[in-house]
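Just dropping this structure here.
The letters A, B, C and D name the chains in turn, as written, and every chain counts its residues from 1.
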Amino acid sequence: MNLIAFLMAILFAPLLVSIIYKTKASMAGRKGPKWFQSYWDLSKLMRKQSLYSNATSWIFRVTPVINVVASLLVLLMLPLNGWPPAIAFPGDLIVIIFLLALMRFFTILAALDTGSSFEGMGASREAVLSSLTEPVFFLILFSLAKLGHSLEFSKALLQFNMHLWSQDTTSIFLLAGAIFILLLTENARMPVDDPTTHLELTMIHEVMLLDTGGPDLAWMEYASSLKLWIFCSIWISIVCPIKSSGWINLGWVIIGMGLVGVSIGLVESSMARLKLSRVPLFIAGSFVLTLFAMIHIWSAIG
Amino acid sequence: MTHLTNVILMIICFIDFLFLVLDQLKAFVHWIGIQGALVGFLPLLASGGHANFLLYLIAGLSVIIRAYIFPYFLMRAVQGIHFQRETRSVLLIFVSLLAGIIVWAFSLDFAWHLPQKDLLLPSLSLSVGFFTIAIGLILLMTRRTALLQVVGYLNLENGIYVLGISLDMREPFLVEIGMLLDLFVAIFIMGILIFHIHQNFENMDTDQLSILKDKIQ
Amino acid sequence: MICWILWIPCVAGILSFGIRSNKIGRWILLTATIAHMLITLMFWIHKPQPAWHGALKLDSLGLLFLTVLSFLFLNVSLYTIQYLKNEPHELHPDFQNPYQFFKNTPESLFIGCLLFFLASMTLVTLAHDLNVLWIAVETTTISSAPLVYFHRHQRSLEATWKYLILCSVGIALALLGNFFIGIAAVVHGKLMASLSLGSLLSKAKILKKAWLRIAFIFFLVGYGTKMGLAPMHAWLPDAHSEAPSMISALLSGTLLNCSFLALLRIFVICEAAGVGIFAQKLFLIFGLISMGVAALFILGQKDYKRLLAYSSVEHMGILAFGIGVGSSAFFAVLFHVVCHSLTKAALFLIAGNILTVYHSKMILRVNGLAKRMPYSGILWIIGFLAITGMPPFGTFFSEFWILKAAVDHHQMIGVMLFLLFLSMIFIGMAWTFLNMFQGEVFETAHQERRWTYFPSAILLITVLILGLYLPMPLSQELQWAAHWLRSY
Amino acid sequence: MIHALMACIGILGLGALFSLIFSHSPRILRIGIPLSLSMALGLGLMAVAHPHKGCFYSKIPLGPSAFHACLEIKLDPLSSFFLILILFLAWITAGFGMATMHPSEDKRPMGMHWFWFHILTGSMILIIVAWNGLLFLVAWELMSISSFFLIGLEHEKKEVRNAGLLYLILSHIGIAFLLFFFIVIGKGGLDFHLISQIPPHQANILFLCALIGFGMKAGVVPFHVWLPEAHPAAPSHISALMSTGLISMGIYGLMRSFLFLEPSLSIDWGFVIMILGMGSSILGAFWALSQRDLKRLLAYSSIENMGLIFIGIGMGITGLKIHNELLALLGFGAALLHTINHSLMKGLLFLTAGVIVHAQKTRNLEQLGGLNQLMPLASFFFIWGSMAICGLPPLNGFISEFSLFWASWVGIQSSHPDMFLVFSVVVGGVAFAGGLATLAFLKVSGTVILGHPRTEKSKPHPLKQSVKILLGILTLACLLSSILSVQLIRAIQPILGLLTQTQPIRVHNSLQVFKISLFIVTGLNVILMGALAILMLVYLYNTAHSTRTRTWDCGYDQPTRRMQYTPSSLVQPLTRIFHPFLKQYSRMEYQSVFPNKMEFSTQAIDYLKEKIYIPMMNYFQQWINHGKKLQHGRLQLYLIYVTLTLLILLIWNGMYR
């Protein structure tokens, strides 16, 4: 039972990406890729031959695996609305953040490993932005834990039911907003990064994968879809006020994931990419939301 | 006797005032010799006629050294000197005279505060002693010529001697001889140094003796 | 017996005045100092009988200072012999002003004065009568003035002149102090006590406090000038920087101590008469002022011999501070006297070596001692550590215990200022010494003669040993001396 | 096992003498020095392994006997902890130094260096076991002097001299505060067991002194100025020892002084220390990421990590004061854990940096690059160390950061409402510092270790066997202290009991939940590594058919080595965002009126140093120069001083009555 959340993530993470693409396409009046296009892409990439730059080292080789392993480990610790995770212990949320940091660390290193100036540029941006998002992420998760009275992430998130909603509506709203901004930033989504542009100079995440191809790219893409799933499931667990571990939860998850995917797609198709120097302000927005939420929590206990 | 003593003390005091206005170097040397002679006689006057041989000996030695040998050293040291006077403005002379009068008043006052004990000399001697010491210090602090500083030092020593006699601080013979000897050697060395200064610096102006100081970055 | 130790240097001095041969003169110096040292050692075994009707007496305090004097003088005279051998006898140029030529003082005169200097300082340590003490201190000034003027150039002339005049005036003021003690001893118009230490101490209770206080002020200013307490210290840097190095070593290591000893004698009288608190307050203030002034001049100092001189001002300040702090610091103060003298003398001797090789007293001109003069360089650094009070040298322990006594006597502001000044001084000293020691040099190493660095090595090793282990007799003597200081 | 401890100190002393005596025979030194340090390590382990009921007293004869100073030594759990740490670090760094320093290269005899090395180690041991204020101060001074001489090994260089001097002067200022502290605290007696309870108003001043004195050595932010100068100047094994062992002595001292003053301290000290810690961790990380010098970067990173340790201590103190036992235990626990972990990983990093600098002959990050292709093993060690110091699982840095966050959670959850805000700020601060530090090490690992070498001249450089082994030991230690973290916590439980004055059994019970989660974390780490290994196999099978080619680089035709991203360009977006804190001097040079060759360089400046300390010093200097006019050179003036003094005293005397 505890593995349901994990299995769902493994199976349906690429689908979430497809939802976003579909939404964007329909907003643009196009038909868009097939629902399972992400899966086909992955399997096609898997069958390709890999090609490595002669500048690269073991870092480049180990990065795709680390990405996948780390995100899988995170998923093992992550509840999905009502469904408990496979592993839960006090302090798991700290481990989650650090595992995500591990992913990022190696992705950036792998980008720099190629010695390409384009990828260096992407790495630089990713590194700087992530150093800004990390404290915000910590504050958000700790505020969530405070609201749920537990450092055990799943236990804390299970507390986000009707009762808590009616008590701490404001702070939950603020935190949900903050984490949504973080979701967009961390997953290289639109106002921060444009994954579909043709201009390498404007990209952040995708430009780091320029020299990654074949199976490596497949692993990396899969890992990033898992990461998207991770953030989405956190968001759903906060926002959805009804927690039950039965099959009924499936309905909530489907609705939730669909909602998140669609809303990301909507944001992506309605907003232009921010100027790079504005991105820190965007993150600061998330920080301010968190700050307000924290002050709210403080005034509630004090 | 007391009158004589008082007269001598007044002369010493007068010489002190003189030092404040004099500018001829040789005059300084002469007058300090005269003062030394007067100071040297004082023990005999202090003994009240009961002087013994040792007292005569000390007084004699003292007079010879103070009145003759010291001026001799100093004159030797300034021989062939071109600058014979230390020029000072008239205003400064007036100011220093005024200062001298104030110091005189203070020393009169200070002497009053001393415990009344049997002085060997009239009570004026205390004031004169302090005044002479003060004038010595003033000379040391204000005069630019090396020779005058030695004169100032001698003046200081004379003042202390007057005080010592008057307070009956006379020591056993050997100690007194030791003190005299010390003074003698000190003045001897100072004379030699003045000679060297004169040789090295063309004149004795101690303004030139200010090379040694802490340099500022 | 007690007179022997006085007469030997005197006679030797007169002899060397008369003898024109430099070689014999040096032998006379060495023999006299060794004899002096031997007699001092004999005094350790049993103390001599007083002489001159009690005017000369050797107590523990005197023995301590005498031993430091004798030991230091022996080392310095070893150095002096080497130094004199290397000095030119004819007219030679002044390295700071190469257009000027000068001749040294004749060696016989120099050695004679040196021996008289020794005799006069010995007399200070032995004197138990304020008049004799005064004569002795005055004699130290006039016998050392020709020593300062060994190199007969303009600068040393100036230094000697300042030294002589300033100290003479100071000593004259101290004589006035003697008179005031006399006045203090007058009861009902009669002089109740002579100026011998014994009679003053036994009749201390009848001394009039008001006059004693004035007397103490005169003594403090008078002997303080000689001791180098700020603001009367002004002669000290000049004389130390222009005198030949072994003379600077003697001035710092022994002459200042002598004046300190004189002040200690006066202090005991004051203490016995009940104005000890007053005296201690003055000591404390002047100690702190001296340390502050030294700190001011040590920071950013350009001339290393002046730096050492100011460091002496600082250490005299520490001694005064220690006396001012209270009775529990006396032991440490006396220990500090020993350690400081040895260290400072060693440093001056090495400074002399440096001067002969680098021909400059400017700190910026001297670098790379570690390579150019390996032995002197290392000793220079050891001396630095010792003089700034680093463990395990004796100075650390003495400063520590002085500080501890100050805390125990609740002198918190004093302690804070003490630490502040010590830190400032450390900064100045570290900057100087280490920049001189370290650095790249391109000249080859200078061949150092053994006797140029041996004496300072002996002195510094002694300081190190004293830090690690205090021999029983010395410790006993220190304790007796400290006890004498606080027993009245 | 008092004798083992005494023997340990004795061996170090003998080792010092030995290296002086055989100063000119490197062959004997090569055997003797590792021997003496290994023996010291062994004896130290013995001493710790058999403590007599946890602690023992002994008196050792030192210092003038007439001062009645019977100097006590004692080994309690806190001391044992640091004893082992220091001895281990000294052993490793000495081995590295023996392996890398070549007496033949520069002709100086190495004996003096090893003499000071032994003195340094010995004095640190003495500090740790000292149970007497005087002994502590003596050892502390010896430590400062000996480390000064170790820094100044290459004193021909001006920057080395200046760095050493700065270090010596600042440590001496610290010592002044410590002197005050120990003397006042030892009023009843210098032995530590004689220390009586200090009244609160005194205790606060005293703790301030201790904080300045020990903070100076630990290098927390307002007192950090010496650290980034001294570490680059010192030879690498010395910077490794200083940046691990030496600055840990500051931590030890602070904990010790806290123990003396604990009952009378106010809660504000917890906050003060936390603020200091946050300041130094954030600013340290900021400065680290903008450095151009490899060893300076590591030095600033040490400042950052000292900040983290300080945060832990601050949490501990706050916990004690708000009677939250778990917070206190975890705070101190995190501090101690991070002390070990930081020592291990910073040792690894500094030593590897030493290898790199020695091989590449430059510390300038902008000129280094592609080291992975030249010295793969060293590169691996460096990346490993970077991972550890960035707090990435599964290495040990992660464990200490985990504990730190866990502890702040306890603070957040505590019943005191304001603590929520306080500890949220701590969480944010630590996370921010962590993010910045990660960036700093990404910069080094990414642009210096990886990619192509920036110049054609760079040559491969194999490591010596002994260096490989030593670095390997540290590498393994970084992993092991993560895997064995639960055991580590259990081992430091007695220290936590001591620091918080709690019964051992209560400590054990309070920490139970934390230990369980730590155990699971360890399990996760193992899973992480296992999964990594398995999936790596899958992946390798997957990518078995691969070819190598040039970097694609968007099809750019002629990429050159010089076109790679440089370290400073990597962090440029951040330095621009935070440019008020990261002021950079930039310098442009061109050679003629029509410049055909231009140079542009930037240099990060230490804001605190440039804007506060140096102007302050200049002001002070001016002041002193004014004072120097007192010694004017005129005799008359000096006579006026004497007379004035006399007059003032006489007048004062008149009023005194």
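One rule holds in what follows: contacts are C-beta pairs under 8 Å (C-beta built on N, C-alpha and C of every residue); 3 or more make two chains touch, one makes a residue touch a chain.
Just so you know, these numbers come straight off a predicted model, no measurement behind them.
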| item | value |
| --- | --- |
| Any chain that touches chain D and chain C | B |
| Pair with more cross-chain C-beta pairs in contact, given B-C and A-D | A-D |
| Distance from chain C to chain B - Cα centre to Cα centre, in angstrom | 30 |
| Chain centre separation (chain A, chain B; CA means) in Å | 100 |
| Cα-centroid distance, chain A relative to chain C, in whole angstrom | 79 |
| Whole-Å gap separating chain A and chain D, where each centre is the average of the chain's CA atoms | 36 |
| Chain C, residues touching no fewer than two other chains | 161-162, 165, 169, 237, 297, 300 |
| Touching two or more other chains - residues of chain D | 621, 625, 628, 631, 635, 639 |
| Which pairs of chains touch, using the document's own definition | A-D, B-C, B-D, C-D |
| Complex interface listing, chain D residues touching chain C | 62-67, 134, 137-138, 141-142, 145, 152, 155-156, 158, 161, 164-165, 168-169, 172-173, 176-177, 179-180, 183-184, 186-187, 190, 621, 624-625, 627-628, 630-631, 635, 637-639, 641-642, 644-646, 649-650, 653, 656-657 |
| Chain C-facing residues of chain B, complex | 114-118, 133, 137, 140, 146, 149, 153, 156-157, 160, 163-164, 167-169, 171, 175, 178-179, 182, 185-186, 189-190, 193, 196-197, 200-201, 206, 209-212, 214-215, 217 |
| Sites on chain D touched by chain A in the complex | 370, 372-373, 376, 379, 383, 387, 390-393, 398, 401-402, 405-406, 408-409, 412-413, 417-418, 420-421, 424, 427-432, 434-436, 438-439, 442-443, 445-447, 450-452, 513-514, 516-517, 520-521, 524, 527-528, 531-532, 535-536, 539, 542-543, 545-554, 556, 559, 561, 563-565, 569-574, 576-577 |
| Residue numbers on chain C that touch chain D, as the complex places them | 161-162, 165-166, 169-170, 173, 210, 213-214, 217-218, 220-221, 225, 231-232, 234-235, 237, 278, 282, 293, 296-297, 299-300, 331-332, 335, 368, 370, 385, 390-392, 394, 396-397, 400-401, 403-404, 407-408, 415-416, 419-420, 422-423, 426-427, 430-431, 434-435, 438-440, 466-470, 475, 478-479 |
| Residues of chain A that touch chain D when the two form their complex | 46, 49-55, 57, 59, 61-62, 64-66, 68-70, 72-73, 87, 89-92, 94-95, 98-99, 101-102, 105, 108-109, 111-121, 123-125, 127-128, 130-135, 137-139, 142-143, 145-146, 149, 151, 200, 210-211, 214-216, 219, 276-277, 280, 294, 297-298, 301-302 |
